Each structure stands twice: as structure tokens, then as C-alpha cells.
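Once you scroll down, you'll see the structures, which are given as C-alpha cells.
Both of the next two complexes hold chain A, though its partner changes from chain B to chain C.
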Partner chain A sequence: MVGSALKRLMAEYKQLSLNPPEGIVAGPVNEENFFEWEALILGPAETPFDGGVFKTSLLFPTDYPMSPPKMRFISDMFHPNIYPDGRVCISILHSPGDDPMGYETSAERWSPVQSIEKILLSVMSMLAEPNPESGANVDASKMWRDDREQFDKQAERLVRKSLDLPPDL
Partner chain B sequence: MIKMRGLVLTGASFALTMSVVVNAWMQKKQFYPTVVYLTKSSPCMAVLYLQAFVFVLLLGKLMRKIFFGQLRPAETEHLIEKSWYAVTDTCLAFTMFRDDFSPVFVAAFTILLFLKAFHWLLEDRVDFMERSPVITFVFKLRVLSLLAILLFCDVFFVKTSYQTTLTKGASVQLVFGFEYAILATIVLTVFLKYVLHLIDLQSENPWENKAVYMLYVELVTGFCRVLLYICFTAIMVKIHTFPLFSIRPMYLTMRQFKKAVSDIILSRRAIRNMNTLYPDATAEELASTDSTCIICREEMNAPAADAQPMQNATGVNKKLPCGHIFHASCLRSWFQRQQTCPTCRLDILQNQTRPQTPPQRPAPPPAQPGQGPYPPMYPPMYMPPPNMQHPMFQPPQNGQAPNPSTSESGNSAPSTSTAPPVFSPPPMPPIPGTGPMFMPPMPFMPPPPPIPPNFEGLSEDQVRSMEGHERRAVEMRIECLRNISLLMDAAFHQVQQYITVVQAQGDAGLRINAMPSFATQQQQQGSSSQADVTSGSHTNEKQDTSSGPTSTEDVPGPSGLPQTSAETNDTADAPSSSSTSNNGCETDDIPADANELRRRRLAKLLSDKSSPDHGKDD
Partner chain C sequence: MKIEDIFAPQRIESTLGAVLVFVYLPFGSLLLLFRIFLTLNYLCSQLVFNSICSHSNIIRRSLERSILAVLGVFVVKRKSEIQDSKSITVANHVSRCDHIILPALCNSTSVDNCSFSSGLKNLLRVEPLTSHKAEVVKTIKSIQENHSSVFCFPQLLPTNNQALIKFSEWPFAMELPVQPVAVRAKRFLPIAHSTIDSTWWQDILWTYFSIVTIYDVTYLPTVAMQTDEDTSSFTDRVRKIIADELDVPCTNYGISDVREYLKRMRFEARKPQLHMSDSRDGRTAHMAKQVKDILPHVPLSVIINDVEKTQSVDVTVTNLLEGVVKFVPEQPSSPSTSSTSPSNQGKPNVVHNQRSFSRNPNLRHMSLQERKDAFVKQARDAYLKKHGFL
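Coming up: the complex of A and B.
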């Protein structure tokens, strides 16, 4: 008999492989351990991150879906809502108890209704529309607000890096 | 890369040691002088320490290979993180026992750290059982043998330190003793969890109560640890000094324990709510919605009729007050964390009373229009003749008078339904807004007149009295006022609920004290517009005559109601407003009084709206 967390992860994996949402590829790192996933996120079109393929890791707790997974960008990122070490700061990844930035209502927090797909889609839309009010990366927030051109350049560089292309000169 | 470097370092250490020993041997040529030379020279000792450290690491690697095989990245990360903290704590401990500092002492600490690391790894590994679908025989063998070895080591060291302390008095051994005792509790926890996981894996169905048992395991071992730490601190403070190095683990243990306690409480509450408050979803309800449990993403099947005894099986689905349906087991594990609906985040604990009220809830809506600004729509029972007021509304027992009438309406026996006893007692009678809650089900009572769609119920005079604007504008205003009245009704319901709470505490005196003040407040506010009231009471009379007899029929005989005829009802209005001071008990007056006041207030609101300049005067 397998635990409910594993069952649900398997169900979500199946769902994601059958109808993958556009711009997202996700699955467990190996089939032995369904609690560690990797996901590739395509930078949304018409944004500074357009065309990039960003690698992320998802770590699921044993009580998933009661607690949210931990998500982290493995590719280098420069974004107001991504910590310099790659951790992602979006509200649906926070369980209702904790609020690192002190601005979230519990309505936008994690609940078992959320899913991996929703998380990844939220992260995609976060790439498209940063929320500078909850700056996980203060430098990026500042640059995004004050010097958009520079920010776009930085993002462009990261896109090229994520595709293993030489940096533009 | 890292592996290479480790290999090089190990090799370098071996080479260094060899050279040091060979060098000493070449100088002294004999065993004993060589040893003396080596131990006397600090550089030599440093090299030897390094070599010992390398040996320990190698041994650790060997043991890890034997008992764990390959470590997962998460395990390595945990190990490194915890090791740093442990090393820091150890260094703090060194400062406390600098007098005892010796190679033996360092060795003892190294062994302690070494064993601790294996405890952590084992903890992680057993937790991993929950995630991994396949548990091999080798895995079980490894876990069990390592558990046995660690337990043996812990017990052995506890015993040694106990004996040392007995024979040689208190020393560093005390610290070791406690450390090993705490490690022993970890072994116990891991073992219990292992057994639980094993049982879970063996069974075909998900084991519902596993989470609860896990919580209890945490609670018990957490309690043991807290006790140990408290004893340790007490003893250390007494014989030595405050053990700074154990503050961090002690704090963590306490926090963990506190969390275990609150988890237990929350989960118990969740289970209780689950079993008592929320109804099982029926097959129709399941069919009418998407029958997937959004928590586990699996089908919800309607429980078979013969599955009754399996209360907690997955087959049972629960419906929350907001109408969302989930597996009972999924919902329970969610409620252990949060008491909201997973889908719409309705706060379940705040809405606890909701599910009980439905028997009454449907009642108010039809009555509410009658509470609008227009007196004619008042339900008849509001104006009982003065002689009726006493028996009907005085003490709590009589306050239930409306109850029989509800049950007479034919749906249930007076005593079987659970909700009425809770809500019927006196709370309502004093508050006008709530009265209708009891009334509507009466079989013969004409439904309160609906609000006339074209406002034909209003004479031209009345419309003109509202400033004489064009009719459409007035109608709009009335529309708005009706909304206000709805809001006010809601407020009255709330007041009534507060009163229910007050009375539920069984304090009758409180009620009597509180109510008059409430009434007088209202009086002050509403005493201005007398004219409206009189016009209102006129129409009210008509209403009373039409429905009075039927309403009296429903009230049980002893209160003397059957005798009261429509005529007495007709005269009811005048006394009810004027006789307030005559009645012995103050609480009795409130129904009529507050009722009236409320009407006045509404009337005033009405006039305020239609003539803003007048409104400002108040």
C-alpha cells in the first residue's frame, strides 16, 4: 500500500504527461523517488525572458498535498521574486501559516486544491509580471522598477545562458 | 572532483603519519622512546590527530556503505547542516570543560558526533519509507541492525557515564550520559515510526489512523526529551554552571514538543468536527458535482448501504457547509493544518453553527419583507394583547411556547429535533427582529404579505408625505431602504445570537440587566418621529385582525390564548405601547417596546432619506 502523497504525485505526473501545458515539462528526477521533481519552464513570450528554458527543481514533503512543495530555480535567474539562491517566492508556495514578506492574504496561499501544474503556470506568469512589492531579490526589484532597459538586458543574458548560447556581445 | 580531493587528502595524511612515525623510529630505534617522543612533540601529535580524524571519516564511510548504501542528496544536505550545528555546540562545550581537555575527552566527543550522525541518517531513512514505494528486505535488515547497534551503543555509554559519575563524582561524563540518553530517545522514535510505516505498508488499504499514531509517538518521545533536558539543565546549574551549549537543542526540542501538542489538539478537533458537524454526502450530491476529491484527485464513491460500520474508511465523503465535498480522510488531514475549506477557504470553525440552523434558516426570508419600513407588514404575533405577553414571554420555559407551533407544522416531533431547543429559549422574544423565526411554519397563518411590486399598498398620501417627489424617485428610495432594512435585520439576528450565547451561560440575571439598557438605547434614538408610528399602528391593526385568530390557535391552551378573540387583538396595539411600564418584569416590555422603537427608527430613516435637511438636525 502506498501513501496518499505518492498516489497523488503519480496521478499528477500522469496528468502532466498526458496533457502537458504549453511551455512546461515536468516529472520526477527518477521513477524511484517521486518526491523530487525537475521541471523546465519556457520563458513566456513577449517578456524579457522570452525563449529561455529554465530548469527548476521541486521537492515535495511527505504530507503533500497538505503542505506545499519547495521550488528552486537551478538555472541562474535574476528576477524580483526569485531569491539569489534560486528559491521562488510566490504566495501559492507558502502554507497559510508563514508569510515571509508579510503581505499575502491567506486566500492566495497553498491549499490542496493547487497542483504542480498550477504552481508552474503561476511561476510562468510571475516571470512575465514580477511583483516588485515582495522583493525576494532586492537588486532585481530595484532594477526592474528604475532601469527596465538594464533589467531586460540582464534577462536576455540569462535566456542565452539557459540555452547554452554564448552571451551576446 | 571532490572525491579526488578527498582521496588526495587521505593519502597525504597517511604519508605524513608514516613519515612522522618512521622519523621518530629512526631517531630512537626503540619502541618505548619512540612513543614518548611522539606524544611529547606537538607537531607529531597534530599529525596523529589528523590521522585519527581521517580514520574516523573512513570508518564512517564504511559504515554508511554498509547500512545506507548511497545517500540521497537531501540526506547529505541534512547531515552537513546538522553536523555544523553539532560541531558548534561541541566547541561551546569544550570551553566549559577546558579543565578536562585531553585526548580522551576529544575522542569521546568525536565518538558522540559520529554516533549522532548515524542517528540523523537513520531518522531520515525511516522517514523516507513513507515516500518510497518499494521496501526491500535489505532495507529492513539494514535499518533493524543499525537500530540495534545504535541502541546498544547508547545504552552502553549511558551506563558507563552513570557508573563513572557514581564512583568519581560529577564530571563531563554527565554531559555524555545525557547526550546518549537523548540519542536513545531518537532510536526509540525511529523504531516506533519504522513499525508504523511497516504496518502501513503491509496493509492493503490506507491506514487512516497512522497519522494520529505518528503524532502520539512524537508527543511521547518529545515529552521524554523535554524532561531529560530539564533534568540535565537543573543538574548542571546545580553542580557546574549553566550549560550554554545545550540551549539550542533544548529550544528546538521544546518547540517540537509544543508543536506536537498543538498538532494533537488540532487533529482531535478536526476529527471531532468531521464526525459530528459535517453531513455525509449523499449519492445524489456526488452525482450532481464532479465526483473527484480535489485533495487526492481520486474518485469519490458513494458509500454502499451496508458499509455503515466503517465510519472512517475512504468510502465516506463529507460535505462542508459551503457545499464542497471531499473524502473524509483527506479532509481530516487538511483540517489538522488548517480549518478552512480547501476550495473556497470558508472558515469552518467560525461557521460551526451553520449546519445546525437550517431548520430555521429558511424561515426568515419570507418574513423579512414584512420587516420593511412599512408597518402593515408586521407579522401579527408582534402585537399580542397585553394579557398574553406575560405567559408567553416571561420565563424561559414559556419562551419555548413558539416551539410547539413549529413542531405542529408537521415535520418533526417536539423533542426529536436537535436544533430547536438550542435556539428557541427566551433569547428571541425580547428582540423583535427575530420573532418571525418561529412563526412562519404555522400551518394556518397566511404568509406575510409580499412587498407589493408596484407599491400599491402605499396610498398617494403616504407617497406624498415622503416629500412629494415624483413617484419613481420615491420608489427607488424605498428600494434602497429595503436594503437597509435587510441589513438591520441581519444586525438583529446577530444581536439575538449574542443573547443566545449570554443565556446559554445560564445567567438569567444578565439578561434582565442587559435588555432594558438595550431598549432604552433604542428609545433615545427612536423617540423623535411619533407621527409615523401612529400611522403605522393603524395598518398594523388591520393585519392583526386578519391573522390573529389563526395565530392564537396554534399557541397551546394553558396560556389562555384560545379565549382571546379577534376583538381583543384589535385593541392590542394601544396597550402594548403604553402598558410597558405596568408590567412587573422589565424583560416583558421589550418585545412590544423595541418593536415599536425599531419601527420608529425605520420610519425616521425613511424621512431622513427623503428630506436630507431634516435629517441633519438629528
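Coming up: the complex of A and C.
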């Protein structure tokens, strides 16, 4: 099982290196352990996160791709669908079995036909279009709904922080 | 009467029979071995006899009989032989070695299209039969000139003596009188003389294995074809005569029905194997699915082909990933994973295409790190430029 997981991860790594999707760089943190990845995601243009490079970590189970990886943001985030501790609440990362929110159709869930690239692209589009209904961060959800200006400012700060730029430039 | 009732499906049918045969097995095996060697001697002696005297020589006949007796074959002849040497002897068929046993005991030559080699046929006095009537007539004539009678088994297949199947018509079309013979065979052990799909050598070996096999041969009065009869009704008449003597019914089954039944039977016997191969296919399908789960972009047909060869999920995955097995990637019919990639138009190109994927992990990692650094740097520059700091 570990062998298959490793081979599949290797294949995906190769694929992502040779044909990287726009705005994404991903690979194992070190080559000793293929089950722990780091991915950089560029904040989508014309969104509050425009231009930021957000660092995420992906932890793969030994039975990957049967089970989805665990993903969390290492960079500080303020987003309705990202828990304050960085965990991402997105349907593609949930197995069809578990449905913590009870609103996802199994078609959107994790299955072996999904891939790391698809996860990262989904997260990217999640950054662009938050889903306020699955509030992983209540404060962010509320602010996104009620005070968009404030939310944008908050996001702008995070973008600068992700780029190692001082907040007051 | 059903067709399966005419033949013994197995050599030993009842449980009691199986027990008896099992108890007898050690003795029977020794007997079998001894008789096989004796048969070799017998065949050699036939070779010698063939060169010094004819088949009807009295010394030779008595010697043959005694050897056959030691081989466990006895013949009880009833009623005097009707001395019409120009007739064809027609008998019912009880085992596939009838061609060999009966002519030897009855001073006759059997004709049959059976599958012995020609040398063996000469030794065993079995004449081959062709489909040309003229040649058959010639064969019969030459046999009769040697003061031997022609012995044939128009049933073509041995039955279990519970009924007679239709006779082949060729012996009755020779315009010769026919000598009907009713043959019964008896054994002390419940071992069938032949089964529906036995071969002649199997029948012989089982005969050797049994202590004795007694052939009860009854010669019936010679019959000739009557003027108002055609061949088929003459055939039926002779069959009826033999059936009456044996006290068994005549059936409407012919040789082709039996062959059809045999084919069907063999097909059914093969069915369990088909199921087995089904389960093998099921295992292959299961493994193929596992591979497909890991590598969804590989066409299933390619996976199945390779899994059948490797019989291993891991090996197939490796083959596919390392390009040992070539394939055209297919677009996986993925469920709606929002590939609505956000519009990055107007953004500087932050894609760092890696031209090659190094086999060396260190180089690979270095390049990943470089790409990350360049990625961040490019994003930072783009940000500063956009906001007018550069």
C-alpha cells in the first residue's frame, strides 16, 4: 500500500514539476519523506488575496490516494473557509464517508481520481470565492459578509506578510 | 428411455461397488500389471504366428484362447455356429475392446473404422474400414477367402446393454447374408465394461483389472435381406432380432444423437472451470480497479492487459509510471472538482516550467527550492510594481 502511495505521489510530483499549473509550486518538503509536501499558492488576481504567495503543507496518508491528504495553511490566513489554525475546509479534502457540514454532495468529495493539482486549484478558487455557508472562521465569515472593506484590508495585510514585505510600506 | 440411461456415465457407479473395488485394488493392480506383460508376449507370439501359419490354425487358436483366458476373458458360445462362411457377423457392442476380443475368440476378423495403427490392426485382426463400398466389399472378400468370418459392430458405440441404439447400415448393404450375434458380458465386480466417453485402451485395462470377464455370445440364425425389403428395414429387422434375444428395447437414438449428447455432457463438465476462470477475471478486474484508482488517467484496457501479465498491482503501477508500458492518457471523468482556475490575466507569468524532471533526488529538490524562491521573488516584484513601489 505504501509502495503504491509513494509511486502515485512520485508521479504527481513529476507531473506538477513538468507542467505546473499557473500560480502553484508544490513538492515534498524533503525527498526523504514523500508524504509531507509544501505547496505555494498565488493569491488569485482581482481578489482580496491578489498577489500573495501562501505557503501550505500537505500531509499524505499511507493509503493515498484512497484517503485524501490533510492540508493546512502555514502562512497566516483570514478566510471564511480556513480555520484559525490553518486547516482548510473544502469538500475535495473530505472522503465521501465523512461529511462534517452535511451539505456536500459526494461528487465534490475526495476520490482517487482527484489529485494534488486539483486540490490546489480548488483551494485557489476558494481564495477567490469564499463560501460563507461553511464557516470555518466565524469572524472572517462575518466580516466578509458584513464589512467587505475591512476584510479586504485584513487580506491585504496578509498578502504583504506572505511576501515578506513590511505591513506599512 | 433417456439417452443417458443407455450408457454408463462412470466406470463404478454405486458406493458399494466403489468399496468392493477398493478392497480388490491391491490384487487387481498386480493382475493388471501381469496381464499387461502377458499382452506384450501375446502380441509377439501373433507376430511369429502370422509368419508361420494362418489365423484358423487349430494350435494357434487354442493357444490364443488360453492366453485370453489368462487375460481374464472367457467366451461362452451358444448354439452351433451356422456355417455360412459367406455371411457377415453382426453383433451388439458392449465395450470398446470388442473388436479385439471377440474375433480372436470366434475365429473371425472384425472390421471397423477404429483408431488402431495398421500394424496393430493386423495383429489384432481388425481390418480398417473405408467409406467406399467397393473397397469394403473387397476387404470382406479377402477376409472370407482366408476362411475367416467378418465380424462387425454396427452400433459403432458400446452401450450398457440396457437398450440398442440404431445400427449403421453398411453391413446390411453388402448384399450378403447376415449372422446376428447377441453378446452379453458379465463381470463379478460392478465395473462397467465401457463408459460413455472411455477409450479402447481404458476398456482393455479395466478388463485386465477385473478377475474375469465372461462374454456370452449367442449365434442366432442367419438372415438374408428379403426382396421386398430395403436396407434400412433389413437393418432394423436384424437389430430387433438381437434386441429380442438380449431382451432389451430398441431405441430411436442414432450415433449422431449420442455424439450430440456427449458434446453437451462435455460442455457441462467444463462449466465449473468456466466459473473458475470467471473468478480469475474477477480478481484481475479487482486488481485493475485498484490500479485505476491509483492512476486514473491510464485507460482501463491498458491496465487490464498489464495486470493479466503481472498479476500484481504494484508491478503494474511501476510499469505504468516508469513507462515500461506505453499508453495514451485519458481525461478522467472527474466529478466536478472546480477547475475554475482563477483568472490570472494581466498578471506577470509566474509559471516556472521545469524542462526536465531529474532522476537525482538532490537535483530535483534543488530545482524545487529554486522554483519556490523564484516564485516568491517574482510575486513580490509583481506586487511592488503594481502598487507603484518600484
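The rule is short, and it goes like this: the second predicted complex is superposed on the first by the 166 of 169 C-alpha atoms of A that agree within 3 Å, B and C clash if a C-alpha of one lies under 4 Å from a C-alpha of the other, contacts with A are read in each partner's own complex, and residues count from 1 in each chain.
Following the convention adopted for this analysis, a contact is a pair of C-beta atoms (placed from the backbone, for glycine too) under 8 Å apart; a residue touches a chain by one contact, two chains touch by 3 or more.
Only a predicted model underlies this, so the values are computations on that prediction, with no experimental measurement involved.
Asks: Just from the overlay, do chain B and chain C fit on chain A, or is there a clash?
Replies: clash
Asks: Return first, second, both or neither, reflecting whether A:Ser4 touches chain B, chain C, both chains, or no partner chain.
Replies: In the superposition, A:Ser4 contacts both chain B and chain C.
Asks: Kindly classify A:Ile92 by the partners it touches after superposition: chain B alone (first), chain C alone (second), both, or neither?
Replies: Touch status of A:Ile92: second partner only.
Asks: Report the partner of chain A that touches more of its residues: chain B or chain C.
Replies: C
Asks: With the two structures laid over each other on chain A, which partner does A:Asn33 touch: chain B (first), chain C (second), both, or neither?
Replies: first
Asks: Let me test your reading of the model: by the given contact rule, A:Glu12 touches which partner, first (chain B), second (chain C), both or neither?
Replies: Touch status of A:Glu12: first partner only.
Asks: Considering only the touch criterion stated at the top, classify A:Asp63 as touching first (chain B), second (chain C), both, or neither.
Replies: A:Asp63 contacts chain B only, not chain C.
Asks: Which stretch of chain B would you flag for clashing with chain C, going by 307-315, 397-405 or 415-423?
Replies: Between chain B and chain C, the clashing stretch is 307-315.
Asks: After overlaying the two complexes on chain A, where does the chain B footprint on chain A coincide with the chain C footprint?
Replies: In chain A, positions 3-4, 7-8, 11, 65-66, 106-107, 111-113 sit in both the chain B and chain C interfaces.
Asks: So in the complex, the part of chain A that touches chain C is made up of which residues?
Replies: Listed in rising order, the residues are 3-4, 7-8, 10-11, 14, 17-23, 25, 27-28, 30-31, 38, 40, 42, 44-47, 51-53, 65-66, 92, 106-109, 111-114, 118, 121-122, 124-125, 127-128, 159-160, 163-165, 169.
Asks: Which residues of chain A touch chain B in their complex?
Replies: The contact residues of chain A facing chain B are 1-8, 11-12, 15, 32-36, 59, 62-63, 65-67, 95-96, 106-107, 111-113.
Asks: Touching residues of chain B toward chain A in the complex: what are they?
Replies: Chain B reaches chain A through residues 72, 74, 127, 130-134, 200-207, 294-298, 329-330, 333-334, 336-338, 340, 342-343, 345.
Asks: Where on chain C is chain A touching in the complex?
Replies: Per the stated touch rule, the residues are 290, 293-296, 313-314, 317-318, 321, 332-347, 349-354, 356-357, 361-362, 364-365, 367-368, 371-372, 375-376, 379-380, 382-384, 386-387, 389.
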